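Consider the two complexes below, in which chain A is the common component and chain B and chain C are the respective partners.
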Partner chain A sequence: MSEGTKEPDGGEEKVVLKTHDGQEFTVDMATANQSGTLKNLLSEVGSSSNNPQVIPLPSSITSRVLGKVVEYCQRHAAGGGRRGGMQALEQFDEELVELDKDMLLDVTYAAAFLDVPRLLDLTSQAVADAIKNMSVEEVRHYFGVVSDFTEEEEKVIRSECPWAFE
Partner chain B sequence: MELEDLPSPVLVEILSRLGDSTELAQCRLASRTLRTLSRDVRSVRLFCSRDRFLRSRAPATSDHVTPFRSLVANLASFLSASPGPLTLALAAERPPSADADEVDDADDLHLTAFPFLARWLPLLAARLRSLAIDDYWLQSCWRPSQALSLIADLCHDLVNLEVRNAWLSVEELKPMHRLTSLTLEFIRLDDANLDKVNECFPSLQALNLIRVGGLKEPKIHLLQLRVCTWTVSNFVLSLTVCAPKLVELKLKCVEPKALHLETPLLSELDVTIKKARATIVVGEKLNLRSLRIESSDLCNLAQVFAHSRTIKRLELEAYGSSTFVDLVEQCTIDLLSTFPDIDELVLGPRAWFILPENLNVRGELRNLKKMMVHLAPEELDAAMISWKLTPLLAHARYCQVVMLIPAAASMDSRKHVISKCISNFPGIRWKWDTWRCG
Partner chain C sequence: MATQKRAHAEEDEEQGHDRGGGFAKLPEECVAQVLSYTTPRDSCRSALVSKAFLSAAGSDALWEGFLPSDCAEILSRAVHPVQYSSKKDLYFRLCHPILVDGGGKSFLLERSTGKKTYMISPAKMILAHGSNHQYWTWISLPESRFAKVPELLSVCWFDIYGSIDSRLLSRKTAYVAYIVFKLVPDAYGLDSPHQKGSVILGSYESANYVSLQPEEEEEESDEEAAEEGTEGRRMRSREDGWLEVELGEFYIDEGDEGDVEMRLRETEELQWKHGLILQGFEVRPKK
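This part shows the complex of A and B:
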């Protein structure tokens, strides 16, 4: 696990994540390093406590979504050694992805963009769990997907895997 | 944000986590994007439930149910268009035990049948990294299959192979150099001494042989093997494990005439032998860190490993089931002379139950740091527990005792036992948890 880096004057390096809606999240390096994207970026540009690097994020990552990602990264930067050990950390992970559909997809997108692999695992599994046992129509409705198949095409596809519609 | 706004690799990841082919099929029909990406999934499982199988057989419903094997072939054809690595699992639900003695002479659910595999496996062979087939025993039990040789011929990049509930021939089997993990469970194997297994799977690092029948004098001789689970159900003459890199071994057998372990790097050994009267030969360089022994004859078995001075964790259990203890005779284990260096002692529920009349564990273990006992459900008497613990804890100075209480015990009896133990052994650190019997 990455630890925060101390500067010569004892201050800890920080980085500011700025969302499109103007909110700023100041996090330490251990938290930022949970994200592959930020880690790579900061290894090139650096940051400090007095003059922290400000990183703007795309509009699809709102402050509410970033809040979730930062919460995850802070907790995992602290690791299983604090606040109840690995069991508590697993419970934290489980509860973190108990989100409504929109928020779940947004956090999935943010986890992919910021390259936080374990968070992406969690959200991908949560999305997969959500659509398990759904019919085609329910899957379309859940994800706001409009069928772009013609009637003929749909018939052919249904005949490819008839067991799913028995 | 809509689903289709997510990057394609993320969507493939989500589809791969659906696990079951039916759910994947629902997504294939949802939109063009999802249909295209469904081909790239890296993991899929096809499961034939008992209900589905019976519906495919019943005259009233059979016309509306696609035979399971056709479904596998259809999906293989669909997935063959993508080049990425694939984990595939096929499984037939086991029939209820009442039907287990029957034999079914049809082959509509015989998943290791050569002609069936030959129909679709070539389509996916290049993608497959992991393949698991749980066959339908009532159809597979009466005819040997050459599935292994076909898989070896076609799937050159396979890393993990699992086959359950089948009769497997090793005729014409060729080496699979990339296979590092093999599981055979509830298999009749036509390889009495495991010669072909050793020859054809030389790169295995993990091997699980669970209730594999047809063995006579089996010898595992694998130079790369690191982890092995071997449950031998029949009465084989001798068992040999010769594996210079083996680190973990879980061995369960009934009463072999001889057992040979040539495993110099073995660190964790879990061995269950009903009667330990066998000739047990252990290589001189055994450096065990953890040893679990379960037997009707714990004394003899304990003596076999007594010279391994590196053991830090010892677990003792009497042979039997959750409802009975199978004991040969009274047994005394002097820990100080047999395992003087252990710092953790675990007593299984049956071992604890027969303490101290049938199993007398003694020894002044001053350095014992941790002891774990599974209290038996029949015996939640605080005085009895204290009496059993006294000789074990008399000399322990810095010991933590983890007491596992049966989950079914009432809260009152738990509290009573806990408070008595704390007051009777004030120098001990206590930890409590529950365990489920059986």
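This part shows the complex of A and C:
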């Protein structure tokens, strides 16, 4: 719904977010201000409808990932006053984080990078729910992480809280 | 902070979408954020995942969140000041009992979840004939966390009562109340079928038959006990060397329910009883 470039309308301030894979997202200031990172940046450089600021994003924030973040920010910029109130907004939040693992991690990263605190809370909770009660090996597999400990170091960490591994 | 995030982003840039390189996708503060939504147990275990996780799993911000929100107030009630080097260190110090409220209670955190556990000292309980030296004697035991505990010499009217303010307990939590005790070798009379443990909280009340003596050999098997639902109220040995039996369960919602009232009594059959040493009543989160 929010993907692709929209023409700026009616002289409102706009900003263009450009992903590494070449997609441009034009959003209004209320949407951009949901992101602490963009808000800070734009308060310094400014942006206008005739000459919108173009902000390039790192490669890990693909157009698909940014689409999700923009969707969240647009919806929350509008607040609970639209489309069914707070209840609908909560349901929107719940459904937003029903994502496959890689997408969920990418959106978590994007929420942290762009500093969208409530979105970061939502995705962090979803990741936490996914890894709850997982074994160490399962958590490594989930995040695609390889252990960078020596055997000796692993032994020390284990011995500090053996009960957590039972 | 923003430059740090950029640096992470650039590392990512080099790796493209390969997730094999440690945890470049999520910076450490993100890992700590994710862990804050898990439990202390999950967080301790995740320290073994990688160095980035180890660092996140030890952060003050994370453990601050696992400590009770009224931690400072609890520490101010401690009989002996609690020294600690970090929030994680404090958390684990509080996983061992500390005396609070002038020695009238002991407090600890349930390690896996960080929920609050209290034990009420017999000195703050009401014992029928508790101050009559014919019936009860107050003794000091090295293995007791409280200065003095009562030993039952002989009574037939057996009634002990203790209470705790629900505001002191963790919210939205199911609790179990226990009597913690020991028996002298020649203890008798503490298994009357009319001996009842009860818990009252507001309009809620639970009452169960509670025996404080080991069961006879020919008693029902575990399976039979489970069928009858009495298994949970069996006597168990504790790690601290005392015994415990469940008095009842209750649920703390918002902590505005008033006092949790716990009682164990046998005032019907009135057989003679002897040989109970009382450590206290404990309330701890249900597993």
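Rule of thumb we're sticking to: the second predicted complex is superposed on the first by the 156 of 166 C-alpha atoms of A that agree within 3 Å, B and C clash if a C-alpha of one lies under 4 Å from a C-alpha of the other, contacts with A are read in each partner's own complex, and residues count from 1 in each chain.
Throughout what follows, a contact is a pair of C-beta atoms (placed from the backbone, for glycine too) under 8 Å apart; a residue touches a chain by one contact, two chains touch by 3 or more.
Note that the structure is predicted; figures quoted are calculated from it, not measured.
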Review point. Once chain A from each complex is brought into register, does chain C clash with chain B or fit beside it?
Key: clash
Review point. For A:N133, is the partner it touches chain B (first), chain C (second), both, or none of the two (neither)?
Key: both
Exercise for review: Scan A:V45 for contacts with chain B and chain C and give back first, second, both or neither.
Suggested key: neither
Exercise for review: Look at A:T37 in the shared chain and tell me whether it touches chain B only, chain C only, both, or neither; answer first, second, both or neither.
Suggested key: second
Review point. Between chain B (first) and chain C (second), which does A:S59 come into contact with in this model arrangement: first, second, both, or neither?
Key: second
Study note, to complete from the structure: In chain A, both chain B and chain C touch residues 60, 102, 105-106, 108-109, 112, 120, 124-125, 127-128, 131-136, 139-140, 143-149, 154, 157-158, 160-161, 163-165
Check your understanding: What part of chain A is in contact with chain C in the complex they form?
Key -> 20, 37, 40, 58-60, 102, 105-106, 108-109, 112-113, 120-121, 124-125, 127-129, 131-136, 139-140, 143-149, 154, 157-158, 160-161, 163-165
Revision key, fill the gap. Per the touch rule, the chain B residues reaching chain A in their complex are 1-7, 9-10, 13-15, 17-23, 25-32, 34-35, 52, 64-66, 71, 74-75, 78
Point to revise | Contact footprint of chain B on chain A as seen in their complex | key: 60, 102, 105-106, 108-109, 112, 120, 124-125, 127-128, 131-136, 139-140, 142-149, 154, 157-158, 160-166
**Study point:** Of chain C, residues touching chain A in the complex
**Key:** 2, 5-6, 8-10, 12-13, 16-17, 19-20, 22-23, 25-27, 29-30, 33-39, 41-42, 44-54, 111-112
